[in-house]
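The structure is given below, and queries will be raised subsequently.
Chain IDs A, B, C, D, E, F, G and H follow the sequence of writing; residue 1 opens each chain.
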Amino acid sequence: MNILKLEGLLKGIKSGKTTLDEAMAQLKSLPFEDLGFTRIDHHRSLRRGFPEVIWGEGKTSAQIVSIMKQLRRKGQNILITRLEEKKTKAIQRVFPKSHYYPRSKVLTYLTHPVRTPGKGTILVITAGTTDIPVAEEAAVTAQFMGNRVETLYDVGVAGIHRLLSERERLEAARVLVVVAGMEGALPSVVGGLVDRPVIAVPTSVGYGASFGGITALLAMLNSCASGIAVVNIDNGFGAGYMASLINRM
Amino acid sequence: MNILKLEGLLKGIKSGKTTLDEAMAQLKSLPFEDLGFTRIDHHRSLRRGFPEVIWGEGKTSAQIVSIMKQLRRKGQNILITRLEEKKTKAIQRVFPKSHYYPRSKVLTYLTHPVRTPGKGTILVITAGTTDIPVAEEAAVTAQFMGNRVETLYDVGVAGIHRLLSERERLEAARVLVVVAGMEGALPSVVGGLVDRPVIAVPTSVGYGASFGGITALLAMLNSCASGIAVVNIDNGFGAGYMASLINRM
Amino acid sequence: MNILKLEGLLKGIKSGKTTLDEAMAQLKSLPFEDLGFTRIDHHRSLRRGFPEVIWGEGKTSAQIVSIMKQLRRKGQNILITRLEEKKTKAIQRVFPKSHYYPRSKVLTYLTHPVRTPGKGTILVITAGTTDIPVAEEAAVTAQFMGNRVETLYDVGVAGIHRLLSERERLEAARVLVVVAGMEGALPSVVGGLVDRPVIAVPTSVGYGASFGGITALLAMLNSCASGIAVVNIDNGFGAGYMASLINRM
Amino acid sequence: MNILKLEGLLKGIKSGKTTLDEAMAQLKSLPFEDLGFTRIDHHRSLRRGFPEVIWGEGKTSAQIVSIMKQLRRKGQNILITRLEEKKTKAIQRVFPKSHYYPRSKVLTYLTHPVRTPGKGTILVITAGTTDIPVAEEAAVTAQFMGNRVETLYDVGVAGIHRLLSERERLEAARVLVVVAGMEGALPSVVGGLVDRPVIAVPTSVGYGASFGGITALLAMLNSCASGIAVVNIDNGFGAGYMASLINRM
Amino acid sequence: MNILKLEGLLKGIKSGKTTLDEAMAQLKSLPFEDLGFTRIDHHRSLRRGFPEVIWGEGKTSAQIVSIMKQLRRKGQNILITRLEEKKTKAIQRVFPKSHYYPRSKVLTYLTHPVRTPGKGTILVITAGTTDIPVAEEAAVTAQFMGNRVETLYDVGVAGIHRLLSERERLEAARVLVVVAGMEGALPSVVGGLVDRPVIAVPTSVGYGASFGGITALLAMLNSCASGIAVVNIDNGFGAGYMASLINRM
Amino acid sequence: MNILKLEGLLKGIKSGKTTLDEAMAQLKSLPFEDLGFTRIDHHRSLRRGFPEVIWGEGKTSAQIVSIMKQLRRKGQNILITRLEEKKTKAIQRVFPKSHYYPRSKVLTYLTHPVRTPGKGTILVITAGTTDIPVAEEAAVTAQFMGNRVETLYDVGVAGIHRLLSERERLEAARVLVVVAGMEGALPSVVGGLVDRPVIAVPTSVGYGASFGGITALLAMLNSCASGIAVVNIDNGFGAGYMASLINRM
Amino acid sequence: MNILKLEGLLKGIKSGKTTLDEAMAQLKSLPFEDLGFTRIDHHRSLRRGFPEVIWGEGKTSAQIVSIMKQLRRKGQNILITRLEEKKTKAIQRVFPKSHYYPRSKVLTYLTHPVRTPGKGTILVITAGTTDIPVAEEAAVTAQFMGNRVETLYDVGVAGIHRLLSERERLEAARVLVVVAGMEGALPSVVGGLVDRPVIAVPTSVGYGASFGGITALLAMLNSCASGIAVVNIDNGFGAGYMASLINRM
Amino acid sequence: MNILKLEGLLKGIKSGKTTLDEAMAQLKSLPFEDLGFTRIDHHRSLRRGFPEVIWGEGKTSAQIVSIMKQLRRKGQNILITRLEEKKTKAIQRVFPKSHYYPRSKVLTYLTHPVRTPGKGTILVITAGTTDIPVAEEAAVTAQFMGNRVETLYDVGVAGIHRLLSERERLEAARVLVVVAGMEGALPSVVGGLVDRPVIAVPTSVGYGASFGGITALLAMLNSCASGIAVVNIDNGFGAGYMASLINRM
């Protein structure tokens, strides 16, 4: 249930179209219903003003379909992350209009058009081409949450002129999501070039002493540039969500 | 040199008060001057629209005074972090109007009044009383950068009603900085209660397996709540700076 | 051999039904017999008052069947943990009345009805749905050891009202097992709401800097709430066993 | 405020000695008052049935005295942990009847006699003599919370007969707290000898690859014995508190 | 080439059966020959008095056969460790008398009977049944190097009487190899019961915070018992070799 | 009490000089007496055939003197490790004939002459001069336990000819203790040159990524040479003790 | 585009064969073109004087072919690392003259003959045979960049005479690449024998506490020999590249 | 003894000024003499062509003076690193012409003028001002070994234009030493701008998750730029030495 629906309900009470009892009944049905295995929190989309998000890992197709049906009934838009491709078939049989992004393993489903609360552009940047799946998770999330998103890929610090030649786009963005593996240096350089919030996303790209993204994570936390905050390794969704929260302001 | 000064300079050119040669001379003097040991980047305050920040650790009083003089000459406001109390004496002899915050080890110096670009309130929250020094570093930074700052201390998750009873203040804030040591759980709970960006700051408060803040850091990175990004352990300054960037939007 | 059997034996001696020699022979057969690959400790069920537990990992079906036969002969109830599904076929051919729980990979076998020494209810709580397999291992263990067990799933701290709306059930429990991955914050919140012992179980649920459960483990060890103790990552059995020991008191 | 006081209040209402307004006023004053730097939660002692505990680390004597006065006014018993000896002087000037344990750095203050809800004996065991300060923190906590406590020190596993010769005392205890540094093996051996809950406390005793208690912590978490749960490194208080919760059952 | 062969060679010179030139030729052929991919060090068996050992991991069957042929030509006994079963087929076609131990993945090949330089018994002990493959690697190595080996399996510390009931065998051994995973406590207890050198072998048996054997390794390094030294995780071969060196003394 | 004393006692019984009751009384007094803070295990010197060892860290001078008096009464030789110099004054007032080694922080006290069960020479080797204190702890321990000890210092692998030029001494030793910090490579090279057991001791010598000895410890555990076992970081005592056990064989 | 091509272009301008407009057009086409997924930096080969290198991991055959075509058009020599064998088929269909090295997973493609700027010999050394794939990556890289390369395999420190017998080759080399897993000691010994730069490459060869190459990496960073610098675990390419840079000097 | 001296000796033999016996006597005195606590390797300066280096940490002034006297007698130039200021007084009494650098804790002593084998300029760069002590250690080492050294301080990546404005100096250098703490990103950017070898030095500058330089170390090892090799944390000496080896080529 989204804010528009709630507004309609309250206006119905005011105008007399809806009795108080009916309104109470509908409102009472809002809190999380127990599906046996997961609690869907319908108040949450209200509180946060955003669609419902499902973490696909460790859930069966059947469980996911069951949750999606509940959410569709309430008129929610749905975003599923970390969804293995093999699970999508069963889901898309029930939700044929859902859209799956295989690189980033994200599935989206719309019950109503996406409104655009984002005020400016969110720019998603990667150091290398191998970081793109994580970047795409961020980009899809931010788009789905109503933002204009642009991307700038493969501009790592070892060829700094590649980044510098795009300085206009950097400065035009309102929020920046910077995705990098290996030594994770890109957010520091970007953070020094712009005066906008930078969300840094370490990726597990690399080998040997990259330790599955720990090196990039630590480097980003220790950035000598100000105006940078960090999310978990490979957490493109978290970065896209945070950027969306900021871009609504 | 801040934006006001630059505007004045450009207007002077327009009105004929300043010759192009004079303007060029002044502008040329802007880029980082080499003080021998540190490069001050005067363009930066222009680019970022913020005062100059000096990391006090590992610098002598004499070095700091030298840098501050350069900055004062350019009309910069100055923020020094991680400054041991014993160094302040020599500094305050030269800069008697500077202000030192002993708990958070921050020193501020104003050459011109702080303008208030921040649009709403930044709320700084701590889990315990021992986290307050780090929180104060965040709060002082944000205030110095022109924000209205409120604080809510000692509302850790083991007594969840302490936090819940302040829900109105949580919801009234535009950006939240959440500071916690030990298990670092507070940002997750706060993040679930508000629909605003949360900057999480792990502190080195704790003992044993808290590992000087690593446990809190990891917990915050793995938060199950969305809309949270993390800065380095004990990095109150970084959180205050990031919150200020966001609150200007 | 359980306490009832031993009591019978001793009473037999007293009443003259059993000769001392017969009793000695039976008692002598009690200590661990050498099956070649594993030592079954029949005194243990006597000492601990609980069924025999077998760690299924790294044992073949044939080895497990051989151990189970020995135990059945002694009249033991049997609990096998970490048993891969593919091994159960061969076991259930010999022990058709055994019961396998595929989610938690536990197999139970009863030679005599479970008595109920547990005095109150053990409540098993999870933060997310992905934590349920570990929670089920705890629940099955506790039930098998004679306790009334209730479950409360998917009440993680990012939606704190989901937990708070179940406060009556929290307060009604005599012992609580709290299962969580990611940031592992749930035991801290639960520990602040009840005045009963909380056994915290970190799970390997998460990704990136969750490090296979280390983050949740560290968070639980550093809980700011009192009355919490922790078991190994994914050790649902250990938590169920500990809770059972406490609930007998 | 403890249960007795609350009972008195309610009886006063019933008998007419206390007006409803007076009762309401008193009850309203109960919730956490803001002392500026810390929130004291008077409901908590009611909810948990235990005295108020203050973590002394990082608090000044003045802050502690201020908190203690608030608590004394409410009739609370007080336990302060991790209190450096040099801070006690100022405290004992105001609270001359408080008692300080220098080895374990604990201070206790009684406003009313300790009642004894503990049903049996809590046995506190150490592997070596260097573990005694942590053990004493556990013992003092448990005694202060109304338990009969016994101790058994220096019975580490390298001289297993020292432990075995005390088997009667092990079996007589209702709850056991086992404190060990270095390889942390003692809880495994004790856990195999008793059928009572064992709270394991790793200590930072050791050098080199003991890593300040990490080795002992990991060993205890991986114990092959059942019926063991673990608290943080050097957390004697936590173990004493947990044992007290269990011993009340 | 072993010491007997060398003695024969030198005696041949003395008696005139071998000319100096022939002897020189044979001796010259001893040093490592370059097989292109590996250097076999024939002097080494002479220096160390032991058979040649090949680490099977990362070598193809063809490479191993090539090395074995070189060694057979010199009259060496051969021990191959970490040899996957699938590689043995090709090897046993060329060396049909070689013997493969599938549990411990060791292959042995004799060119001459094993002499028995070991003076007493080496006792190999495990904590659990899952540790047996590593123990077997130690036992096979020690047997192959001419020692009388006995085994004592599944006597972990959680059932300490299982170990104590075998005390005579412990005391009869000249060197002890103690193999344990999980909390790795067994060497400490054994070390306290005997006055003979104990070689401790941590195994990767366990889960969660056992970290693939790190916990057991750290526990063994921090043993409070004296007379213990440690080898790498799962390094049964290293323990068997070290025990053999000691048992020859 | 040592073996000689026990033999005397038993002979006294045989010859009639000692009544059985007297013998029993004396024997009964043998087991560990409770000094309140530590349990001295007099049987242990009998079982292990070695003097009693006290870990000095964390014990006061008064505690140590009290333990030493008990041991002297039983006729034990005493070795105290990790004893800070400032504690020795009070000890040497009571035990003026005790000997303190300031570099290695070891104190020894003889109640009877050291017998020499060691059969050959133990050679203690260091990589650098900074490793000498740990090496001396090993050397003093081994000497005190009746071994002939030689030392070979500062022969690290970066100047391999320094080591090779001492090859005769390496080959003459019966057991070798090899002490090294930094990259910990020396045991591998020594292990390849001799056919005797090598006890490797990592030291905390180094900086940066030496991590207080972890690097050296890991290197030694992963040695490609056979016949090496490892003790804890800086554990010279443990190495000297282990070498003594081996050299008695 | 390489230096020869650029020289040709500039000479063409000088001689009048090329108009300025044509030259500008060609030069403008040089900077990185956006292939959609990766930015090829043609200036780079100019700046660095070396062929273009592609990291094969995480790229599809189609992506690689597309990049290679772009590079071939510019006349670049191409080196692809970490290329799984299964991807080579599709590549070699388009580039039949490319050469694939299956052990080191490197593919090379020549558009013009390799010039030989290297002045001396680069010697690539390994400790064991299992390190050879990484060594080959270094050797192929260095050869492809125009150096004379020699190899010396399986000369680990446990048989130090194998290395010492090759001392002449060590001293003849101008730059040395030393590749080792396990304890990573070889660079220290080599560094002590030569007065030339040593590039140390840790490999993930080993098991247990080798931690996938971390032990070797740490050992090399802590080498007591001077003149050693280290690259990432298994980074043969990086070592070959660095050695080539040095050998050109 | 340096090469000049050796040449003189050999020429003396040739010309008849020195008898063979005298020469032999002098040459024999060269190998490491045993000073009791340290072995000075006089051949080494010959082999490596560089002065003798002493690691000052853990050595007393008296020990250092003793070593220096030995070296002076042989005509060596001497470099002492990690020498605490308080030790210099005693040294400079005996060696008044020695020079101490307090920031980098290096002492140098010349017995003969420094020759200049370095062919170009070594450029030492730092990210911040706090990295300067480590950089100075590198610079002093390189100068002492006969190189022209330039420095470029405080050009960290958060203000990338500071670095770019010095591009000419970067390109003019023959070898570059890049020193950085925190996120350690500077070598990646520098490595992308030059075609010369870059020696990267991580420093322990930073706090929280910088872990005493580990973050910078890992970032440098994972650099996406080629032509970079890394030395230990804070190892300015090692970098200066490596750069000198390369610059002689």
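Basically, a residue touches a chain if its C-beta (ideal position, glycine included) is under 8 Å from a C-beta of that chain, and two chains touch if they have at least 3 such contacts.
All of these numbers come straight from a predicted model, not from anything done at the bench.
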item	value
Listed chain pair C-D, F-G or D-F that repeats interface G-H [over half of contact pairs the same by residue number]	C-D
Centre distance in Å when subunit B and subunit C are each reduced to the mean of their C-alpha atoms	50
CA centroid of subunit A to CA centroid of subunit D, Å	44
Computed distance of Cα centres, subunit H from subunit D, in Å	55
Subunit E and subunit F: spacing of chain centres that average the CA atoms, whole Å	28
Multi-partner residues of subunit C (each touching 2 or more other chains)	128, 159, 193, 208-210, 214, 217, 221-222, 226, 232-233
Chain pairs in mutual contact under the definition given at the outset	A-B, A-C, A-G, A-H, B-C, B-D, B-H, C-D, C-E, D-E, D-F, E-F, E-G, F-G, F-H, G-H
Subunit H - residues contacting subunit F, complex	31-32, 37-39, 41, 43-44, 55, 57-59, 63, 82, 202, 204, 212-214, 217, 232-235
Contact footprint of subunit G on subunit F as seen in their complex	127-128, 156-160, 164, 182-185, 188-189, 191-193, 206, 208-211, 214-216, 218-226
Contact set on subunit F toward subunit H in their complex	128-130, 132, 153-155, 159, 161-162, 165, 205, 207-210
In the complex with subunit C, residue positions of subunit D that touch it	47-50, 53, 119, 174, 193, 195-197, 199, 217, 221-222, 226-233, 237-239, 241-242, 245-247, 249
